[in-house]
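There are two complexes below, and they share chain A, which is joined by chain B in the first and by chain C in the second.
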Partner chain A sequence: MTAARALAAELSKLLSLPATWLTIAGTLAANLLLAVAFAQAALRGTAATRDVVDVGLASIGYAQAGFVVLGVLAACSEYIGGQIRTTLAAMPHRARQLAAKHLATAIVALPAAALTAFCGVALTALVLGDTPATFGPILGVTGYLLLTTLIGVAAGALARRTLVAVAVLLGYFFVAGPLLRDNLDLAKYLPDTAGAAMWFPAGGALTPAQGALVLTAWTAALIAVALAGHHRRDA
Partner chain B sequence: MVTIDGLVKRRGGREILSGIGFSARPGRVTGFLGPNGAGKSSTLRVLLGLDRATAGTALIDGVPYARLRDPLGTVGAVLDGSGAHRARTGRAHLRWVARSAGLPRARVDEVLELVGLTHAAAKRVGTYSLGMGRRLAMATALLGDPAVLILDEPVNGLDPEGIRWIRTLLRERAATGRTVLLSSHLMGELAETVDDVVVIDAGRIVADGTLGEVTGAHRTLEDAFFALTGGGSRLTGGGAR
Partner chain C sequence: MRALAAELAKLASLPAAWVAAATGVLVPSAVAAMTARGGPVPGGEDIGYQELAFGVLGAIVLGVVAISSEYVTESAESGGGRQITTSLTAVPSRTRFLLAKMGAVAIGGALLAVVAAAATMGVVQAGAQTPPLGAGDVPRLAGVVCYWALTALLAFGVTVLTRHGVVPLALFIVNTSVVSVTYLLTKITLLANYLPDMAGVRMFIRRLPDNDVEIAPLTAGLVMAAWVAALLVVATVVFTRRDA
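Up next, the complex of A and B:
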């Protein structure tokens, strides 16, 4: 009962925040633009592949930034205008409150992730005049973006500041992650590389299922740290 | 009923509260007075479960805030600012708080009416004046019609009409048997509103009793306050925390 109310409150917060809608719409639009650009490149023959799904999902590496931001905003918006005090006064069971926030963000992020992945591939299919051979990678991307969003929520709850959390996560996903991937064998077990195996298994040593398992473990661990920190620290 | 006993709070090696204790009783307005930085907000933050006490207890109806079964129906709290995200409308803010306690939507419109914000309910909190933000915080506190009202510097940022409104509201709450605890560093505003007075200075309680007892031989509560807290040199500037 109380848990259901906490979820309803967190969903209500997320849906009434203009930044939620702007981030989702912006990410979707940017992904479509990138998908068209990648499809054009494939048509000109400058890309390595002409497979509809591979080309259509190439933009996800960039679009994931939008999902990271969505998760961070969900957590860090609590620290604007002293809202965290209202939140904790209404829901003093802190672990339950933050768990409800993760679940609410997942509920919002899931359709957004599926839509982003599907629309990118659909638009690419139109441009290339071809049909996708498999839909498996679209599911993989959806799961990957969902877990990335949850990592954003947990990191945001720990950092409490949007800029700090976004800088750290994007620094990892776009700079540190790719560097480690090329230079370290164990990097295949890191969240970004394991996650990429969920939809782009060609280069990775992990299967999509293994990748999903490893990324889920990383996400669960980070959420656990965020819940413990939220429970212990002064607001 | 609010009961604070032996409360100690250390932050960064500094002792902010040095074992304070007092209570606020039902049917009475208790004024929690002290200069800025004396420990008023720190005490209220521990009482509301926002910060952890280093030692001691701060209880509401005998239990710590975090263990209240129906927090919004038990305690309404107003700390500094609106407590709302600036990008949301006033109504959207009250709606999510109402959802957290399973309160009906109609209650949101009731409290908006009660604090005089109905006309601004569809506007974003970021466009509110300081006084409107305070009224929104009050509306949030009143959502669950709580038995205990806790306010940190409630008259800060209010115009004379707002101050008069809040005084009337607090007296009404106490008259119906509810507990009201309010902190302030403004003595003049308080003398007409409070029944009991607790004075804190540098993390220690220096006086505790009825308004008459604490004022004692002094001409006014303000004179008594300066005598108890050792002068008014620190009484410049504003704001909580």
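Up next, the complex of A and C:
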């Protein structure tokens, strides 16, 4: 099976899962609700900033959970009811199969990420009655969400169980990561903090380009581990 | 009683429950160690308690997997069955089954809270420059135990309704984050202070950042317990009326 057909097969599987569409739709809706909430908070002057892009993207900190789940579901759906055996019978080259899955998930996640980021900012602009001054952070967020999704795919392929992968990743992104960020200097090189630098510059942190580089390195390393594990382990 | 013993045995045999327990103990104590090492901090009266508010993550996972594990479909080679069919064959009364499950989750969450609080406070006390624990800490620590048990029940109740763990797990973990969604909502409406988690933490946290609303610890516990009771009633009604 050629690489192109492997990609087509993975895309077809991913797009035919109701969970894919439900996750994307749920994330988009939750992000819009949160964006309104953040905009309201900004209107009342209780938020730190009133910049349209900053306020509009604040909700991404929560919405990223949906993209993590999307990536994990893409990988773990193979292990519900033994789909993986059919998949590997059709695509015996394991590294190619998993690489195709990562690529297919990225193809689905990229427009979803761009849409989520853009809609959040657009709605905030509407509520605040202001226009965004710069679009750079929206690009940064799109890239960040894309890489986060890929981390989800790799972690899902390693854990093979949806709940385990989701609990570990979200526990890291939402609880352990922020706590480490506050307490540890080296934490700025961890994936979540480096990634946040791509769109929300903070004092003493990395520049957006450095953040993107560090997060890409983490993602690539995790995908490499997942590929190696997939190649060597029993299916 | 035998139904409760069975549910406790099932819960204790789940690897995920032990991972949850390890997370619930290690996360708050490790973070408390880092905070305590940094010297005196603003809000020093809440040191340790602040970390335990995040450690509730372990109780959340415990509550979710207690019921989501019942609905996991085994692989085709093992018959493609689900634990729930066996459980309901053994305990045909749905209400009794769910009550036993709630008992197991509450006991698990409370035990985990006791261990986590002991570990976290031990770490905090080992650090220099922290005020020693006094009589005033007894009700606060009891508040931590209540908060963990109630949060485990809250996660459990939502998962009974969804029958799959991912959505409640994602929602609850996201809301455990340092700046939680419910905290954000308090900026929009003061009523959000009475949401279960925002009220619940006041059983043991003295000072929330940028928040002037005062809720007495006992009131806070009652508010959270009322939420949990309402949710569990809904969950029980749905569970007894729905196909398994």
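Quick notes
The definition used in the following text is that the second predicted complex is superposed on the first by the 232 of 235 C-alpha atoms of A that agree within 3 Å, B and C clash if a C-alpha of one lies under 4 Å from a C-alpha of the other, contacts with A are read in each partner's own complex, and residues count from 1 in each chain.
Criterion: a contact is a pair of C-beta atoms (placed from the backbone, for glycine too) under 8 Å apart; a residue touches a chain by one contact, two chains touch by 3 or more.
These figures come from a predicted structure and were not determined experimentally.
In the superposition on chain A, A:L34 contacts chain C only, with no contact to chain B.
Of the two partner chains placed by the overlay, neither chain B nor chain C lies in contact with A:T207. In the superposition on chain A, A:A6 makes contact with chain B only, not with chain C. In the superposition on chain A, A:T134 makes contact with neither chain B nor chain C.
Contact with chain B, but none with chain C, is seen for A:D234 once the two complexes are overlaid on the shared chain.
Across the superposed pair, chain B and chain C both touch chain A at residues 80-82. Against chain A, the residues of chain C that register as touching in their complex are 16, 19-20, 23, 27, 31, 34-35, 38, 51, 54, 57, 61, 64-65, 68, 73, 75-76, 80, 165-166, 169-170, 173-174, 176-179, 181, 184-185, 187-188, 210. Contact residues on chain A toward chain C in their complex (touch as defined above): 34, 37-38, 40-41, 44, 46-47, 61-62, 65-66, 68-69, 73, 80-82, 162-164, 166-167, 170-171, 174-176, 178-179, 182-184. The touching residues of chain A, when paired with chain B in their complex, are 1, 5-6, 8-10, 12-13, 16-19, 77, 80-83, 85-86, 88-94, 232, 234-235. Against chain A, the residues of chain B that register as touching in their complex are 45, 48-52, 65-68, 71-72, 75, 77, 79-89, 92-93, 95-97, 99-102, 125, 140.
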